[in-house]
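Labels run A, B, C, D, E, F, G, H, I, J, K and L following the written order; every chain starts at residue 1.
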């Protein structure tokens, strides 16, 4: 039995809990990946991309905290451990080592796109069971799609 | 050949690079573990421990960034990806699910102790090859040992 | 006739107005109850609970203002007078005098739960008539459920 | 027996406690009444009066907290519940619904005047038993009389 | 073909893009109109109305930026040029020259009402195709309806 | 007859008023054009140019407000309506749709140059009639020429 | 002989010093007069006018300090004593006692107008001898004429 | 009859009103005198004394506003005009022109001493009629005596 | 003879000086004792008590400075040296070494109670000779009694 | 040919460019000289002079940046290299080693005087060719003359 | 046995603990001594020295807290009680009563010198056993030597 | 004999003094060089490089002040005059005139590298004689190497 009693009926709690847990893993990995390329980027656009990536980190960290605490609030224990993130993230493993600025941009377009696609599904499945969680997912998707636009604009 | 030319001779660069890479992994995992129990803690001391853990996260995140950028600065590409963290961290895998406040305290004492022990070794091996990196490791160890004292004091 | 012309058709205005008026009364009382136990709490957890309650007050006051001004904005005169609050609140009368910290925690779990239950109903009934007001109710319910989780976590 | 031991002899504690309890109720109601008309005011002076009322709310809330914690500090459990406020306040019940700006001004002149009159008496009776509590009552009366002057000046 | 790839299917992109483009034009014009009367208002209520109008400008500018960047984020190039605004805005041309404070108030009631009516329709048509954009339209409508209430209250 | 009595003789008022009205229109359009390309820019320099444009917007908005209120202060009713801007601005109509970063740079060089040329003339004609207004035009021209230098430097 | 050696030739120093001394006296009196009516204003517009007057005070105090220190900087000892202000100010003695809000507005229009007229003359006479002091006089006249416009706009 | 109704009986109002009016004049003159010597001081201690004097100005201005608004609040119209200050201040006329730093110190010791002596009397006479006004006079005397100590310490 | 001339007659100066000197010693020791247990506390409530103690330190340091400078201001040289504090403080010597959280709470209740008792006497003896110093003692006693209440509440 | 196209005709550009280049060198050297004596000053006035010098540094650095960027803005490449400063500055070489406080004051009076004299000439020659650059020179001269007054006042 | 387990071997812990305990006592006394003369200084340099001493207090308090918590962190209970400070400080007892500014300067030179000498020894002995504590001692010695330089410079 | 007595023996003082004096000259020149190219850079990366250079300036200025005051603190008079910098800096003379962004990047890589090499030597020679100065050199080298990495990363 959960330590925290949900305000949602069991079915709704289960569906919403899975959506939030999935979102949590994706957002933690997004922050780790953005930091990884933030440190390893090279090329003429280094400074611009380096700074831009830290804004992705800020966005991902802020929302991962909101999403995890929302899971707790509906009685679902969130799991954000490294091994869970490594195995369940929407983002495939990025290469290590120095990475050219243009490759960073395409890596971020691909990573953000993978995460956004899953977030769109989560917005869909939580509409009925929990509009409160859905609202949180909508707000973070707006932020992710803004980042995605910017990296796309840079690859034109 | 590294994209960034080191100010250190090759031997010094190698030893220092390994120390920094090890520190990076431990600090990222410390932040993830502290967040994990920050979200899952239950018990009468919930609020106090919940807030204390976020201060550990702040410490760990700040220093992980410094350590990773120091690695880049000496010409060593840092690796802070989820899978690297999951496999190389000094901290053993923590259990998932709700966790009692007193268990959180002992988990943190153990986790911090494991990280500190390794940091002390890194301070030792970097003394000769790079006093600049050593100074960074000394400063972060001071912060970690302060956190370790506080959690120990709470378990008396 | 109302001094302020509603942007909503009359039916929608009536349903939404009642939801907002109910929310207003519950939020004002939540602030008053949280302050009452903020001043009267005793026990080893005094400081932690005392501070936590002021965060509930801040939440409740902020949203009560938003909700009341939203009522005005749709042409419904809000009523937040003491006597109205005393007679219509979702929260039963709490006892006066000093109150033990653990009793404060259970009082808050119960009070928040009663308010949240009604807010969930208000989210339901406003979906059709006024998505703008519904969005406000969703946002405040997220905050209330976060507080409710924290007090529950403390009673484990 | 009180949970908190008073620094005052029993007689002094009783007189001072009553003065503080009375002040608490009046200040909470002043905040509720000012918010009520803040939301319902209409007329050409709407914006000016609307903003002015929030300054009354800030004053009343700040001092109600000081007064309640002062009661606790001398070992008297304060009572600021909605029903207590509804039945014991110096301010008579204000009408609900939209209210013309000039009526708001005269309502505030009357409400402040009723509260100030009682505060003046409390300053008198606490002089001997507790100059520390008296000093708090003097300071809040200065603020209330400043607000009273401003609303009077507006009704000339 | 758009430089930025939409996360929305083509139909959804088109409907949402039109709603956002319409909102952009209305918000830019609202800011220009509010500034115009902010500079030209005369009458005893000059200062109060002058300040209130700058809050409308702040609201309109903030949301016009959000709406335009949201259009870009879904792959629709926004158009906020002066000539586009002049020809497509919901607000009819306001007269030039000094304008009496009471006329400013009725101008703003009318202008806000025209914009809000169109925003309500945009909330309706975006519900299915893009709940993320809809959420942005809902939030800005809440702000516009708050301004509309205040100007109405001043004309009673 | 003007609602606001000028401190200037009629001739001086007329010349100065025309200079300020012209400056107002140019500055409003500069802000609109800069925002337009801020939203539509694409290319590798996206982020850098996107941020730089917002600094132009801030400059243009700040000075347009100063210039309009200066017109009012000398008894000339300023006109900053969309249609007036669309027809009287120094800046030719910019194309809509996505725009490459290098094209943005040359658009801004050209737009700023057109505005600066007119501002230089206005500095000349206001020297005698109103040194106070001239000082305002001098200060804003300094800011515009700084922006112009930066965009030129980027096109080398 | 002056304690501070002027960077100006004696003639220029004398003319400029008189202009600055005159400006000092007018600005100090403007601050005193604005405070006087700030405290004594009554009437429905009390709050708006009361706040507006404090902005005049802030303007007058800021510039009086700049003007006095400019006099010192060119080797002229400034005189801002009460008796000097009382006898040499451009503003005639204002009546004491409560003053109706509309009378405050006309008092301020008249007072500002008298000060501005003299400032315009000072701008004229300092052009040749000291463009540095002239620039200070130009800047403060801009601020005074802005205040004058606002009070005029309120009396329409 | 006064525009603002006093909360005090007529006798108390008269005595307190005179005390406040006297305090007002002394504080305004103290600010003018401190500014006068702030601008004219010369000597090796110039910078230190120049800065110290501005702290006296800040103190005097802050309290003069409190004292004047307190007079209004008890129904007494305050008089802070230049001519009133010039004729009724406790501080004798200070000489004009450059003034040596040590003379500034003794001027301030004498000026503060004269004002403090009168303030002590005002504290005495307001004790019975109005403890609220007395509390204001006590607080400002504490500040003045602190300044007086510092100037005395500098003349040892 | 004192370097600073008192505004008080000799008798009043002596009585008040002793009260302030006693208060100074007690407040310095309170700060030292609170820091001592702030560093040495252990037990489950470590963090909460550790933070609470720093608020006592802040209170004690702030008031010790005010009290010492007040002594100087009335011409009495304050003595806050370690040896004076060690021999004259109201607080008995606290034990060294680690100290359990519950023992910290009772130590603080006892220490605060001893200091408050003496402060109450000082408020009594300074009423006649110097209401300005008394007001300072009243204000600090209010703060100390608030801290005392909180530690008492924690020991229930 | 210049990389940046000037808004000025060639003659005006040349004259203005030389004035700005000269101002740049003088301001950079002023900052270096002020820092030099800031570090080496000794004597009883050490602290006061040490702090005052840093304000000169702040002024000189701020204006040197404005002046250099103004040169760039009119198409003249500024030269602020150490060797250029060493050979072209208005300020003669100051001695190295510890320097008595009174000598610092006279050094600064002399240095500022030399720089101001040249700035006055630059204000003269730029009046016709570029009022925008002249305005910048006027503003910085005002600041320099304020510093010059203060050091002179200290040497009386 | 210590409540907090040290990360250092016993020998290292003992040596380091003694160094930190010694530093703690010296820093607390330095703060007390600096405050003592801050309150009692007289003479023409009063203000400058008075302010300078508070910067020493800030430095000493900040580092005493760091040093004490570092002791706790290595498992050594710090002792900062008044009697310990009175008997073990490096600084001899300073005289009470008013103290001339030049005597304050020499007192501070002597006090800082005594503390610095001991700190230099502590830096030496902690090098081997604990580089983390040594780093803390190095940082605080840098600050103390900066203060020592400044007081020395003032006594030339 | 030095005006400031060193805490170091003569040999240590000499070695450390030379290291600090060398560091001072290099850091001042680094700031001048970075500003020089900050003003003269042209090319597509203008804005990014322009901003990055100001961060180098901030770093260099901050550390040059610390290093110079450290020299003073050990009794060595620092020399930071333009001519000293021009003749003794580690950085060769950079060319004047407009400079392409890629050339700026390589200029900075070379300049930073030259300074860092010397700083590394200074860290070596100060280890024994003065660990306090060494710590300062270590900290600034960390910052310089971070800047060096970033410019290198941009030249890949």
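Quick note on the criterion: a contact is a pair of C-beta atoms (placed from the backbone, for glycine too) under 8 Å apart; a residue touches a chain by one contact, two chains touch by 3 or more.
Keep in mind it's a predicted model, so treat the numbers as computed, not measured.
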Open item on the list: Moving step by step between touching chains, how few steps can get you from chain D to chain K?
Closed with: 2
Open item on the list: Of the pairs H-K and G-H, which shows more C-beta pairs in contact?
Closed with: G-H
TODO: Look at interface H-J and say which pair in G-H, A-C or F-L is its repeat, using the rule that over half of the contact pairs are identical by residue number.
DONE: F-L
- [ ] Give, as an integer number of Å, the spacing between the C-alpha centres of chain L and chain J.
- [x] 23
Task: Approximate Å spacing (C-alpha centroids) for the pair chain J, chain K - done: 42
TODO: Return the distance between the CA-based centres of chain K and chain L, expressed in whole Å.
DONE: 31
TODO: List the centre-to-centre spacing of chain F and chain K in whole Å, with centres computed as mean CA coordinates.
DONE: 59
Open item on the list: Quick check: what residues of chain L touch more than one other chain, meaning two or more?
Closed with: 3-4, 42, 45, 48, 69, 72, 98, 135, 153, 156
TODO: Could you list each pair of chains that touch one another?
DONE: A-B, A-C, A-E, A-F, A-L, B-C, B-I, B-K, B-L, C-D, C-E, C-I, D-E, D-G, D-H, D-I, E-F, E-G, F-G, F-J, F-L, G-H, G-J, H-I, H-J, H-K, I-K, J-K, J-L, K-L
Open item on the list: Quick check: in the complex, which residue numbers of chain G touch chain D?
Closed with: 41-48, 50, 98, 100
Task: Residues of chain D that touch chain I when the two form their complex - done: 3-5, 7, 69-70, 72-74, 131-132, 135-136
Task: chain J to chain L touching residues, read off their complex - done: 2-4, 28-29, 32-33, 35-36, 39-40, 42, 65, 68-69, 71-72, 77-86, 89, 93-94, 96-98
- [ ] Within their complex, state which residues of chain B touch chain K.
- [x] 113, 116-117, 120, 123, 127, 134-135, 138-139, 141-142, 145-146, 148-149, 152-153, 156
Task: Residues of chain B defined as touching chain I within the complex - done: 45, 48-49, 51-52, 102, 150, 153-156
